[in-house]
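Note that chain A is present in both complexes that follow, paired respectively with chain B and with chain C.
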Partner chain A sequence: MRDRIRSVLRQHAQLAQTIEELSDEADLYRAGLTSHATVNVMLALEDEFEIEFPESLLLRRTFGSVRAIEEALSSVPSPSSRS
Partner chain B sequence: MELAHLRRASTARPPSLTSPMTDPALRLGTDIVDVRSVEASIQRFGRRYLERVYTDAEIAYCSSGANGGADRFAARFAAKEATLKVLRPTDWRPEWRHIEVVRQDGGWCEIQLRGPAATLAKEQRIQIVSCSLAHEQSYATAVVLGSYRAPTTDSLSSPDHA
Partner chain C sequence: MPPSVAERAVGNEHPRVPVGLDVRSWEERVAAVAACAGQHATQVDAAARFPAEAVEAMGAEGLLGAWIEPTLGGLGASIEQIAWACGEIGQRCASSAMVFAMHQIQVASLVRHAGDSDWWTARLREIASTQRLIASATSEVGVGGDLRSSKCAIQIDGRVGTLTKQAPVISYGLEADDILATARRAGDATPGDQQLVLLRRTEYSLEQTSRWEALGMRGTCSHGFTLTARFPAEAVVPDAFARIATDTMVPVSHLLWASVWLGVATDAVRRARTFAREDARRSGRTGGNARLAHLVARLHAFRGVVHEEVREYAARMDDPDALGTMAYAIRVNNLKVNASEAVVAIVQEAMLVAGIAGYRTDTSVTLGRSLRDALGALVMINNDRIVAANASLLLASRED
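Entry: the complex of A and B
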């Protein structure tokens, strides 16, 4: 999952550093993630994992690091698991 | 004489500004957005991007602009972020669509808050009083001004705050 998250970040986060330079815990906002780029990351993650982020996860910290994104994605039910 | 009047005016402080460091009467928010980034988002995600961030009225107005209105959308995104800087949500944040830039007939814009964004403003005792947007080919920017009213005894008893 982390490789797919990193791939999305590589394409859409527009960071000041390459994603390869950052640890899973590194603060993406400090690395240059802007509010607008966060929208792109969110939409691209939804495409990649076929989910939709609920309003409850529209938090700054949701997209704060690779690990935070992973934890958020793990908490979102996939379409196949929805009743 | 006029100068003396101005000096007096500049040193006289309204009651609401008596302790600006701990109890500011005004909050200012600003943001700047790369128009090309917005243009790229529209091309990449299309209506999904627009409908996640902008209201139907914003989409209708901005889309009528040249080149898909990316500069107008960018200015509105900057205004939404500037508004969030005024509202200062600590963790949870309102959806972008709950902060709407409403264009007036005269050409200026106002911020309208809805749903959770309006609730947050009420809880924070903030009223958005003014905004200004600007954009050119590469960048768009916005400034939003909020008025904060502290829950002091004076403000509760003054007829001006009824």
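Entry: the complex of A and C
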């Protein structure tokens, strides 16, 4: 999952550093993630994982690090488990 | 204390002394300030000068420490009370009200994000006890007015920090006692990796680069400056600016600005009503003025929106998750757009009621200053920028 997250970030996060230089815990905002880029990352994650983030997860800290994104994705029900 | 870079040429170093903190009600204090602001409003506007009398009155009434809790010597006012005060002062002098609002935004950022270290507690106590006026240096030449982006950087060397910032605007920069500035956290930080730093008058020098000569809000004296500062390392506000902006600076700015504009609109409607009543008396008509009735309906709708958003913030203000959602960001942005459009529309409609008497600048119901002050609302953080931000957020958020 982390590789797929990193792949999305590589394409959409527009960071000052390459994603390979950053640990899973590194602060992505500190690395240059803007609110505009956050929206693109979020949309790309939804496409990649075929999920829809609930409104309650559309928070700054949800996209703050690779780890935070992973935790958020794990908490979102996949389409197949939805009634 | 680090040595000061240069003493300020303008401004007085004597502290303001708040009086009668325990006796007077919030309403009495605000009424006194509003009355004083009203007395000097025409002259402040005409000369584009700082509303010194109104700000001295704010200090005397303790209002510059309104947001600070009573245990630290402040008044411990609520956001509802402070927003209401913006509206009351705004009915008399929009420039005075905007200075009041901007100061409260700075204090709110400190109260909510500086933490409770001895150093910061002492600073908050000092702001309350000597009623220091705090200005803001957030905009910067070369970042296109983007609050969340800085070019300049804080340099920390041991216990001393330095900063140089090209600020196209620092409202009441010459008159302030302290300046709260944004900058990149360090020389190698990205543009969005910002911190706030509180600079005392003795710790900075200002070189004026432009003069505020504007259509309205003329008393805010929003000149441009090069800010050069040398300050103790503790003066960097502990929370990251990203958090301060989301949780406090952006929502509180929009709430208090909207409250000031509500005051401008309320005053314009009062002028229109005065004219309509006198006109009816003169002409002997008894049917009333339908346009005035429509105008009052608009004012009530505007007031409803502002009050609802102030209550909403009060309900969320201690919950970062509730403040940090995209849906709430959109909502706060919309308040700014709606409120700025409402104040212009209301003042314009008031002009139709008051007719030539409102258009003239020498009558008791003149709307000239109201209209000029109101138009500033559209471009203080340009509405097009805010709509563009919301358009982006709406790609993600699905909340209605």
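The criterion applied here is as follows: the second predicted complex is superposed on the first by the 83 of 83 C-alpha atoms of A that agree within 3 Å, B and C clash if a C-alpha of one lies under 4 Å from a C-alpha of the other, contacts with A are read in each partner's own complex, and residues count from 1 in each chain.
Everything that follows uses one rule, which is that a residue touches a chain if its C-beta (ideal position, glycine included) is under 8 Å from a C-beta of that chain, and two chains touch if they have at least 3 such contacts.
None of the values given here were measured: they were computed from a predicted structure.
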For this session: Applying the touch criterion given at the start, work out whether A:14 contacts chain B, chain C, both or neither, answering first, second, both or neither.
Result: first
Exercise. Comparing chain C with chain B, which touches more residues belonging to chain A?
Worked result: C
Exercise. Who does A:33 touch here: chain B (first), chain C (second), both, or neither?
Worked result: second
Exercise. Touch check for A:4: first (chain B), second (chain C), both, or neither?
Worked result: neither
For this session: Tell me which partner A:43 touches in the superposition: chain B (first), chain C (second), both or neither.
Result: both
For this session: Return first, second, both or neither, reflecting whether A:55 touches chain B, chain C, both chains, or no partner chain.
Result: both
Exercise. Overlap of the chain B and chain C footprints on chain A, residue-wise?
Worked result: 34-36, 39, 42-43, 55-56, 58-61
Problem set entry | Contact footprint of chain C on chain A as seen in their complex | 16, 29-36, 38-39, 42-43, 53, 55-56, 58-61
Seminar exercise, completed: So, in the complex, the side of chain C touching chain A is made of residues 148, 185, 189-193, 242, 246, 321, 324-327, 389, 392-393, 395-399
Problem set entry | Residues of chain B defined as touching chain A within the complex | 31, 33-34, 37-38, 40-41, 44-45, 48-49, 52-53, 77, 81, 91-93, 95-96
Seminar exercise, completed: The answer for chain A against chain B in the complex is residues 14, 34-37, 39-40, 42-43, 55-56, 58-61
